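Labels run A, B, C and D following the written order; every chain starts at residue 1.
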Amino acid sequence: MKNTLGNNLTMTIFGESHGPCIGVTLDGLPSGFPVDQEAILEDMEKRKAVGKLSTQRHEEDIPQIVSGLFQGKTTGTPLTILIPNQDQRSKDYESLKGRLRPGHADYTAYKRYNGFQDYRGGGHFSGRLTACIVAAGSICKQILASHGVQIGSHLEQCGTIQDRPFSSKEEQCAQEIDLVNQKTFAVLDPQKEEAMKQEILLAQQEGDSVGGILETAILHYPAGIGDPIFDTLEGLLAHGLYAIPAVKAVSFGEGFNFAQLKGSQANDAFVYDQTIQTKTNHNAGINGGISNGMPIVIHTCIKPTPSIFKEQDSVDYLTKENVKLKIEGRHDPCILHRARIVVDCMCAFVLLDAWMEKASLVPFMEDAYAR
Amino acid sequence: MKNTLGNNLTMTIFGESHGPCIGVTLDGLPSGFPVDQEAILEDMEKRKAVGKLSTQRHEEDIPQIVSGLFQGKTTGTPLTILIPNQDQRSKDYESLKGRLRPGHADYTAYKRYNGFQDYRGGGHFSGRLTACIVAAGSICKQILASHGVQIGSHLEQCGTIQDRPFSSKEEQCAQEIDLVNQKTFAVLDPQKEEAMKQEILLAQQEGDSVGGILETAILHYPAGIGDPIFDTLEGLLAHGLYAIPAVKAVSFGEGFNFAQLKGSQANDAFVYDQTIQTKTNHNAGINGGISNGMPIVIHTCIKPTPSIFKEQDSVDYLTKENVKLKIEGRHDPCILHRARIVVDCMCAFVLLDAWMEKASLVPFMEDAYAR
Amino acid sequence: MKNTLGNNLTMTIFGESHGPCIGVTLDGLPSGFPVDQEAILEDMEKRKAVGKLSTQRHEEDIPQIVSGLFQGKTTGTPLTILIPNQDQRSKDYESLKGRLRPGHADYTAYKRYNGFQDYRGGGHFSGRLTACIVAAGSICKQILASHGVQIGSHLEQCGTIQDRPFSSKEEQCAQEIDLVNQKTFAVLDPQKEEAMKQEILLAQQEGDSVGGILETAILHYPAGIGDPIFDTLEGLLAHGLYAIPAVKAVSFGEGFNFAQLKGSQANDAFVYDQTIQTKTNHNAGINGGISNGMPIVIHTCIKPTPSIFKEQDSVDYLTKENVKLKIEGRHDPCILHRARIVVDCMCAFVLLDAWMEKASLVPFMEDAYAR
Amino acid sequence: MKNTLGNNLTMTIFGESHGPCIGVTLDGLPSGFPVDQEAILEDMEKRKAVGKLSTQRHEEDIPQIVSGLFQGKTTGTPLTILIPNQDQRSKDYESLKGRLRPGHADYTAYKRYNGFQDYRGGGHFSGRLTACIVAAGSICKQILASHGVQIGSHLEQCGTIQDRPFSSKEEQCAQEIDLVNQKTFAVLDPQKEEAMKQEILLAQQEGDSVGGILETAILHYPAGIGDPIFDTLEGLLAHGLYAIPAVKAVSFGEGFNFAQLKGSQANDAFVYDQTIQTKTNHNAGINGGISNGMPIVIHTCIKPTPSIFKEQDSVDYLTKENVKLKIEGRHDPCILHRARIVVDCMCAFVLLDAWMEKASLVPFMEDAYAR
């Protein structure tokens, strides 16, 4: 469905980096939910540029809800949010016209749209579009929170520096989520935070960029949600997460580490203690594509920003000539710390949508029992 | 959409491990395509149990095409394939009733379906359902092949043993794909093949199991296919691949390794040589979610089979008691070598569907130029 | 979605008139529902040929549920029903090959599928495929009935003969629905029933055929279901009903008669009597696309069967020659009385699916109130 | 999908009558199409209020394309159009709060959204939202026109007055379409036009309203488009047309008149004359749900506007009391002449989407032949 995601709840995104605005429509929200617009702004802030570590393009990024909200509460009809573009510098891109930036979507957009794409600032492929995911997903996050679900991410790895992982103890993990959700640069270990920032600044000085890995934990998501075969929680979450530019790998729990585990190490034994739980959580709260009530743990790899200031070999697709390319303008040496809230918000959207699918059956399942 | 995947082309899967049959419906196929039923059988063979390394449940697995095929060619209407179940031993599962097998979907299916799931042999969650993906995807693979697209996977890692990667040179990679596509146990390096088999047999003797990683390469898929934001090729492929039981991680190209690369290392410089290409292929043939004509390279991690013969801690959900569980019956010590053809077939389905989406626009795009 | 309909609940149909079987997959059913297979058979009987008024092709039409049912109850995973084809006479169609039957889909199928369609007995376009709608929709009807919803249709008009309409009094209408649901030839007025049968027999003797109109009433469907803009109940029901071959018109309540009413005549005034109701029901229980709790009343026009035995002008698409065509074989002089249960079952499917969409929101809407 | 329609091409609508703006997103457009914004404005004019026959609410209705258009041509990414609301008088609705307007969606919206709907001016249910259908469908109409497809509607019946039907001769019908497409009040027979206007004015003086029927003709749509079973052209068109508020009946060709025709009268005999055609066109260019190349003819019934100025019986849902209701404000005595362009634009959207579905298969079907 191209620019629409979801089943019961859908998110449709539109806009280009240098157009008048970007926007997003959420359709299928429950009515009567009191939207906390301050909380949306806080999430928008986390995605925004911060100091030297980020781009110098400065956008207010104040989302304007133009439909689906009445007297502060959702109406249940489509909720559309517009985010104006204000600080474009389109001329930065004029010199690039035809010159393909390595690692970017310039060439593939040209092939996909036969040369009619808006090439300014990456157009519809700009990371700026993730502001829409944040604005929309932030509302989903609020709805989940009102049902006790907690979501947070930290920079598990930035360049060569690794943070410590979220605690495997649920209570402690909950505190860690609270902690990182108050931070702009979400790292658990303060020393690692400094080291990461140094690594980013160093890369920036070299005209280069840095990537990393985010670890996301979701607590208190109910058991029994997700579907077999195609709409597994893993499949739905990965589908959503790959919508974030620069994501090239998504894994759950032990992830690729499962390859070297034995079954006896990888299985999570069950134990009954008030409720059915698992002793370990290698499988990240998901079995057979369906939640089991344990924390959902996701790893998302963000590649280093492709906009670097070093000279690169490239091609001009208008002249078919090999050229040297040197990108100018305002760019992030690292987007990992900004991507973290995008990941949180995308997970919130997917998990709320999946929950609704299960909810659609409940009245009919309960009745069946009575027969 | 639960048990249906795809947009222009859809795949719907049904059936349980111990029912009369499992089956799959492909809707949206082009008409007039001559289906090579022998080639489907060859793919089915690759998924089947082989000797000591696999389960002793033996199924003929001869797919019966009951609709959508007329005089050997696709009609363009839904093509449904039935695969009979013949060698069930449902009594193996009677003793398990209520006892949750760690690492399996028993508990989550119980929560999802309120206890009404068919629990015999994993029911709808059985790996047996992947036979449907193979049968349907094999046809997609044929259609892609008739347009020059080549697909193949090998066991990049099995337990602790690593095969050498596919060559980064396209011509050599094409030969390697041909090679592994003729093998039942798809490994490039013969010595590593033996070592892997040993590791599986050893685990089997210990009543344990082994996982691994598959590397998949797709050659000659055209540039310009895929969509921005949500229907990225990465998102679509990952969504499909997570439908394969035991998949817990999917990455593209450098995957998680991107975390420690600099932008200058991760970017693929462009070069013009008859056509626009990239010098390297870290991004695995996909930029901005859209194919760039270079090989698509995917890594899929398969966790070790959860059915092990060691005693495990578990819970009986009927009695809510902690129990010791010892699985009996016929199970695979490793499914990696069988999963490989499932991955190939799933990729073929997803990539054919995505191609159709682009094709739907072509007549309208060409006309536009003329104006 | 071609051969799949629905959102939360989906119905996928496959098969050809002269293939080994036809079939249908229902995905998204609640688990634990006890399916009454006898009731399905009764509905299948209503669709079957009856005596002289129908085709002499005789099919047992015993639906085989091959998945999604365990110990008599739905599992919640895809429920697939196969219906074998037994009494084909493919040779009846050999002489027709290339000769386009007027009023049939021969020409359009040829254009749609480039000549690769299965032309025997109408192939995938055969009215026989409606047996799938009955088998699947019958289960939906049972689920709705367990929630108090009552559905029935009668032959409002057959050729030139008109039956009296369903009573506008709900209690009496309920009795009338019960009455027609016990009949094979569903007419309220016994005298009109005889006259209709005579008209059909007369047409048959002339080698001709007869059409008509069905009136459908649905009682006790809850208020507040359906969606604004696109997924209106009218839009969803019409989309489904046009899937029944030979349907060329669908209207709600006053239908085309609204054209000559004034607003003051067409509006249904509200009145409070224990619950909010309308005094009249010109709008057929639907306002703004959403149910208001009053009876839903639908009119569906079935054109006369295109298979007639009179000589007709036609074209042979293989030779591009004008030809005279005389259809042979076994055909219905009227399908109106058989189509009636197909309409009931289709409505049941659509209305259950729409209900689930609303249900998906309920847990989140209730919670919102509490804040 | 609630507020999204379409498969390859999707239309998503958002907004409320008294919010800051309404809007629509078209996703899946071909890139490079030069959008004629003047032509969109002309279509918007046709939908607008005209003189005494319409509401006195005056909106500029100048669509603002905020994405998906670059240098005058479609980019192929989502094209979003915003239409500001300017002339609201929300206080007109304050006195109505809780009081259900008969024939409107007030009650059903209340039940659907648990009282949280925006009730001002009908909120999301307002006929004003059809401006979005016009703006988006107008672009689709342009794309179809660039491929030779011609679309037009006239007022077949307004109140008790009937216009003559479109000619059954294609050439003459083409001229008639050109004629009505230049008119604001689209009637073929000038005398009937006057009579209709009189009937509307008379109803207006009485504080009442008038309905009617639109006849739509679509010429030169290619044969072979549409799908069997569910995505029939009739099903898709009806699904779309029921999105227009006040539509309660949709039929094709002979429509309900088929009930009294014999098969020998209803069938359209084929004849070969350069191409395969039918001698008559009772089936309105569609057989088996698929286009046959003949004109597509649709009848759409628009009920009389529910906003009348006569006193009506109603209920206050807040107090549960029976009340007398007298609507004030600015309302249309008839919307038939305004709805006509909405019908044209909706048909254009549906038919372009269906065409893309067929186009998606073409490259694969052609290749198949070569084998």
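Just so we're on the same page, contacts are C-beta pairs under 8 Å (C-beta built on N, C-alpha and C of every residue); 3 or more make two chains touch, one makes a residue touch a chain.
Since the structure is predicted, the reported quantities are computational estimates derived from the model, not experimental observations.
For the interfaces C-D and B-C, the C-beta contact count is higher for C-D. Greatest Cα centroid separation from chain C: this falls to A.
Averaging C-alpha coordinates per chain places the centre of chain B 44 Å away from that of chain D.
For the pair chain B and chain C, the distance between mean C-alpha positions equals 38 Å. Annotation: 25 Å between the Cα-based centres of chain C and chain D. Counting partner chains per residue, chain C shows two or more touched chains at residues 1-4, 7, 13, 28, 31-32, 73-74, 76-77, 112, 114, 124, 228, 357, 365, 369.
Listing the residues of chain C that touch chain B in their complex gives 1-4, 10, 12-16, 19-23, 25, 27-28, 31-32, 64, 66-68, 70, 73-80, 82, 112-118, 123-124.
Of all residues in chain B, those touching chain D in their complex are 7-8, 28, 30-34, 73-74, 76-77, 143, 146-147, 228, 356-357, 359-365, 367-369, 371. The part of chain C that touches chain D in the complex is made up of residues 1-5, 7, 13, 100, 102-109, 111-112, 114, 124-125, 129, 157-160, 203, 206, 208-213, 223-232, 234-236, 238-243, 245, 247-256, 258-272, 276, 278-279, 283-284, 286-293, 299, 301-308, 310, 312-315, 317, 320-322, 357-358, 365, 369.
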